[in-house]
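Following this line, the structures themselves.
After this come two complexes, each holding chain A, first together with chain B and then together with chain C.
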Partner chain A sequence: MKSDRSVTMTERVFDLGAKLIAVLVAIFLVTPILVIFPLSFTSDSLMIFPLPGVSMRWYVDFFTNPVWLTALRNSLMLAVVTMVVATVLGTLAALGLVRLSRGWRSVVSTLLLSPLIVPVIIIGVGTFFYFARLGLAGSFFGLVLAHTVLALPLVVIAVTATLEGFDPNLVRAAYASGASPFPAFWHVTRPLIMPGIATGATFAFITSFDEIVCVIFLGGPEFRTLPRQIWSGAKETVTPTIAVAAVLLVVASVVMTLVVEALRKRAQRLSKGAAT
Partner chain B sequence: MEIGGPELTRALRASRRRQQVGALTLVAPALIFLIAVFAIPLALFTFRSVDNAETWSVLPLTRSALSNWDGKDLPPETVYAALATDVQAIERSAAATLGRRLNYSEPGMRSLIISLHGLKLDPARPVAAQMIAANVRWGEHRIWQVIDSESGRLTPYYALRALDLQLADGRIVASSSEDSATFRSIFARTFWISGIVTLLCLIIGFPVAYVLATAKGWFGRILFISILLPFWTSVLVRSMSWILLLQQNGILNRFLIDIGLINAPLTLIYNRTGVYIAMVHVLLPLFVLPLYGVMLKVDRALLRAAASLGARPLAVFRHAYLPQVIPGVMAGLVLVFVTAIGFYITPVLVGGGGDQMISYFVAFYTNASVNWGLAAALGTLLLLATLLCLGVFRWAFGSATMVTGR
Partner chain C sequence: MKPNADEILVRFNGVNKSYDGSNLVVSDLNLEVRRGEFLSLLGASGSGKTTTLMMLAGFERPSSGAIELGGKPLDNVPPWQRDIGIVFQSYALFPHMTVADNIAFPLKQRRRSAAEIDERVKAMLALVKLEGMADRLPAQLSGGQQQRVALARALVFDPALVLMDEPLGALDKRLREHMQLELKRIHERLGVTIVYVTHDQGEALVMSDRVAVFAGGRIRQLASPTELYERPADALVADFVGENNRLEGKVTKIAEGHCQVTLGNGLVVTAMAPQPLDPGQSVVLALRPERVVVGAVESAENHQTAIVASVVYLGDHARLELAVGGLTLVAKVPNDARYRAPQAGERVTIAWRSEDCRAFAGNDRN
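So, the complex of A and B:
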């Protein structure tokens, strides 16, 4: 009896200790992200607590400054185009990948996912040397290509994940009912893998929207994105306007986390529905 | 033994082949794209670390003249004349590039080449005598050795330099370059910082993943969100926020002074401490999330069985729980380490001069001090280190699929 009680005691101590660590770590993880929200509303240029006062002046500063607005527009354009290119290429690749025989499949998926294991600095500098030769350095198009390299594997992973829970008999049924390949894809496969495609597209968007290393090398002085402006500013001093830009990036990430979470739930529902 | 006879087998095989061709057609655009925009640039980048086109292409006459030189005494008149012709045939800027390149191997080469470019030569008299009269160093054997060894199509110079080595008289010796960047110590620093960060992630991350895998209700949800949110937030923004938190007059120092814990501000940033804090912050979710996935799949029945057979909690943990989660732990460690050695943004923002990692020097030799060959050699070594880590992991733990986040 006595030893039994001591066992539960140790267990409880371990459990409480682990929970305490988890809470502290959670605070450690979210504080740097949350802290910029109140700081961006400071009425002074000093970024300290307690805030000297609350104001929207740095938001006004951001949204009336042509440099920041250009950067925001560039970032959005780059992210949208990268998203479209990466989603199309990645979805097609994922559809092909799951149909390949096992041997081919492992080779092709290694190739498709290889950009994930190469340090970004090497992708950035490598494409910079290459594009400098082709006259693509410092261009929007060059950056779309580099960002698509980074985003493509994420789309492949997201779409492949939904395809693996996908019942191929549904497509066979469509063929048996006389549908030709494209309508069969459009009316049967597409709606079912849509959550995966949307997840992949979201990953692609945020990858490009947040990306800084390739932009440093390939953007040149002409093409400045939001992260590029934050980067050059933060190396000197972090101003409240930079905090506003950072808030925008964080908001984009939060929205994306919510979207992906909602899509995951939807995909679960769909695969359950398809199974019954 | 086939049911349905050979025709059916053949038809089946043909249909399977059609399916494979169709599948490859779908994969093809992505593959072609990656080969064109990823694989080829990467291969060229790697090749640049041994490429010597800069020197090779501008010294055609010198190369052929040098092929007749035995390398013992000073080269014959023909070599001097060939070098003068080659150097004077190119633009001044190209001569400067050539001079800078040769200067890596032998200090003083730059000014020698540039002055040779502008040297007025009397065609009636021997070139060698005129060059030596203009600068006595043209009479040094060492100079010609350098030109000879550095005018080939390929050069070991950059790769050796990236390891603090150089070639002298055909032997590999310690580098004597005037700029005292010691890349071996920078590689060691990169691995050391990454190792410490990985260790910290293990110590902090293991209990967190455990709690996350067992927590229920709102506590579990909030914990999950607080790990997912940083995972998806830009590394740049997170590193920048640490500046605000940790700087001399920053939020944390003010807070600690206000509550009376310290009297003078602590130096928490632009040093190693700042790098450790920010890198652990960036990489911790990368360790916790995969481990959490593995911990969710742990067979609880085994733990109960062990406990009901009389094992104490620590024994249950060691013999029933750990073996089930070790693969997840190892995958997380490799993932964190491999990602850490490629870090660039975070150390630049929160580290000092002595905390920059190898990526910083790849960027430095690309942009600030233009020496693309050295940038490529350093980058290639970084890539090799990354692949080696992943290779060892695969070899030890089989082909566990690993997905890195950025």
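So, the complex of A and C:
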């Protein structure tokens, strides 16, 4: 009896311990992000706790200050163009990848995914010297290329994952119905792997939207994005406006992730229904 | 009767297929499909039947040899230009399209007018008895209904040829039998040519005008179901199509189409010899269980005394296992008003006619 009880006690302690650790890790991860939220609503011009008062003045400052607005516009432009380029190329790469034999597939996918492993600073320095020679350093186009390199693996991973559950007979059925490869892709494959494409596109957008290393190397002195402006703001004139910019970055990422999750759930329902 | 050249829709000329360059999955295939017929490719998995179908569909290329459709070579015609309808085992319905959109898809690809598409889809839904299901998604249909949609999609554009790859494999037995008759009805009504792949010999016998039995990448026999069952070309076909007693022995005497065979246990029987045989040669005898007459004395060439080892009651017939001098024979006896099935342990006389027992050269055990 007694030993029985002590086993349950041990189990309970372990169970509680695991939960406690999980909560601590979550706090550790989230607190630095959450701290910035109240600071963006401060009425003071210093970022200090406790807040002397609540106001929207720094939001007004952000949306009226041409420096921040330019940075926001640049970030959005860069992220959207990168997203389009990376999504198109990444989807095509994933489609090609699943057709390769096993050996070639692992070689090519390792190459495609290598930007995830290589430190960003190396990519930044490398592309800087390489692009300088080609006259691409300091250009918007060069920056799009560098960001595409960073975003492409995420698109490839997301699209490959949906393609793995895809019945290849569907494409054959489309061919047998008289659809040549492009219409077959457009009417059959594309709608069915759309959740994967959307997930990849979102990650591509976020990757570019908050990237700073390549922007510093390749962006040129005039080209300021939100992360870069936050960085220089934090160094030079510390105002709570940088907290506002940070909040906007976080909110954009969270919203896009939620949208992707909703899409994924919807797609799951559709494919589950098709399996029965 | 030899069919005229213009009656031939598909022709395989010496087609070989190998995936690895050394093992032939299909070897030296010569096959003609007549316009309007229902031809089944029957065989175990790995016999080359599905590869043959995939080459005809254009999803696989022959390693050598040529395939013609309607007299034109198919070598460089991609699948989407072959005008062949295909029904897949997995149905392969487009899960994001409604039933009507699935059926309309081949017509949309052919840029037919909206009015024509509407009319054809309605006609197809009626043909496969799915009126009222037009707006459902495939996920909302039963397996049998999905199968019908797949069939409608393969037929809607009036292809000269429809290929079916074990389309009934995923259905339960009762539904499968029902769909077999449905398919036969649709084939007769539309007059379309169907090439049907199956490993189920019963299915092939029920539906087909002709059956090609595949084994080891070759056609062992191409014949009507009756011919295949009554006059199998070799022991393998006899084993594969229907149930069969297989007896091994040596030829002791030969006389114009008949031969005398001494079995392993010393019994001597007479049999038909469809192939030329030599005295002393090892042979395999094939004898259908329902041709073994139990209990009754008839003017049959082969009489034996047997002990009934077991009786399995199957409603319309009983299945007996008979011990005949160390061999086991299976016999099926009808359950009719005039006949009483023997009991296990009973000693009975059995007989069969030599026409019902066929001797084949015994070296092709595979």
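Heads up, the rule we're going with is that the second predicted complex is superposed on the first by the 269 of 276 C-alpha atoms of A that agree within 3 Å, B and C clash if a C-alpha of one lies under 4 Å from a C-alpha of the other, contacts with A are read in each partner's own complex, and residues count from 1 in each chain.
In the analysis below, a residue touches a chain if its C-beta (ideal position, glycine included) is under 8 Å from a C-beta of that chain, and two chains touch if they have at least 3 such contacts.
Model, not experiment: these values are computed from the prediction.
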*Quick one: chain B and chain C on chain A, clash or fit?*
clash
*Classify the contacts of A:167 with the two partner chains as first (chain B alone), second (chain C alone), both, or neither.*
second
*Regarding the shared-chain residue A:63, is it in contact with chain B (first), chain C (second), both, or neither?*
neither
*Now for A:125: first (chain B), second (chain C), both, or neither, which partner does it touch?*
first
*Which partner, once the models are overlaid, touches more of chain A's residues, chain C or chain B?*
B
*Could you look at A:186 and tell me whether it touches chain B, chain C, both or neither (first, second, both, neither)?*
neither
*Where does A:176 make contact in the superposed view: on chain B (first), on chain C (second), on both, or on neither?*
second
*Which superposed partner A:156 touches (first chain B, second chain C, both, neither)*: first
_Offending stretch of chain B which, after superposing on A, collides with chain C (from 4-12, 256-264, 274-282 or 292-300)_ = 4-12
*Which residues of chain B touch chain A in their complex?*
16, 19-20, 22-31, 33-34, 37-42, 44-45, 48, 204-205, 207-208, 210-212, 215, 222-223, 225-230, 232-245, 249-251, 254-255, 281, 284-285, 312-314, 338, 341-342, 344-345, 348-349, 359, 362-363, 366-367, 372, 375-376, 379, 382-383, 386-387, 390, 399, 402-404, 406
*Once bound in the complex, which stretches of chain A touch chain C?*
167, 169-170, 172-181, 183-184, 187-188, 191-192, 270-271, 273-276
*So in the complex, which bits of chain C are touching chain A?*
57-59, 78-81, 83-86, 88, 90, 92-96, 105-106, 109-110, 137-140, 153-154, 157
*Considering the complex alone, what residue numbers of chain A touch chain B?*
7, 10-11, 14, 17-19, 21-22, 25-26, 28-33, 35-36, 39, 47-49, 89-90, 92-93, 95-97, 99-101, 104, 106, 108, 111-123, 125-131, 145-146, 148-150, 152, 156-157, 206-207, 210, 212-213, 216-217, 227, 230-231, 234-235, 238, 242-243, 246, 249-250, 253-254, 256-257
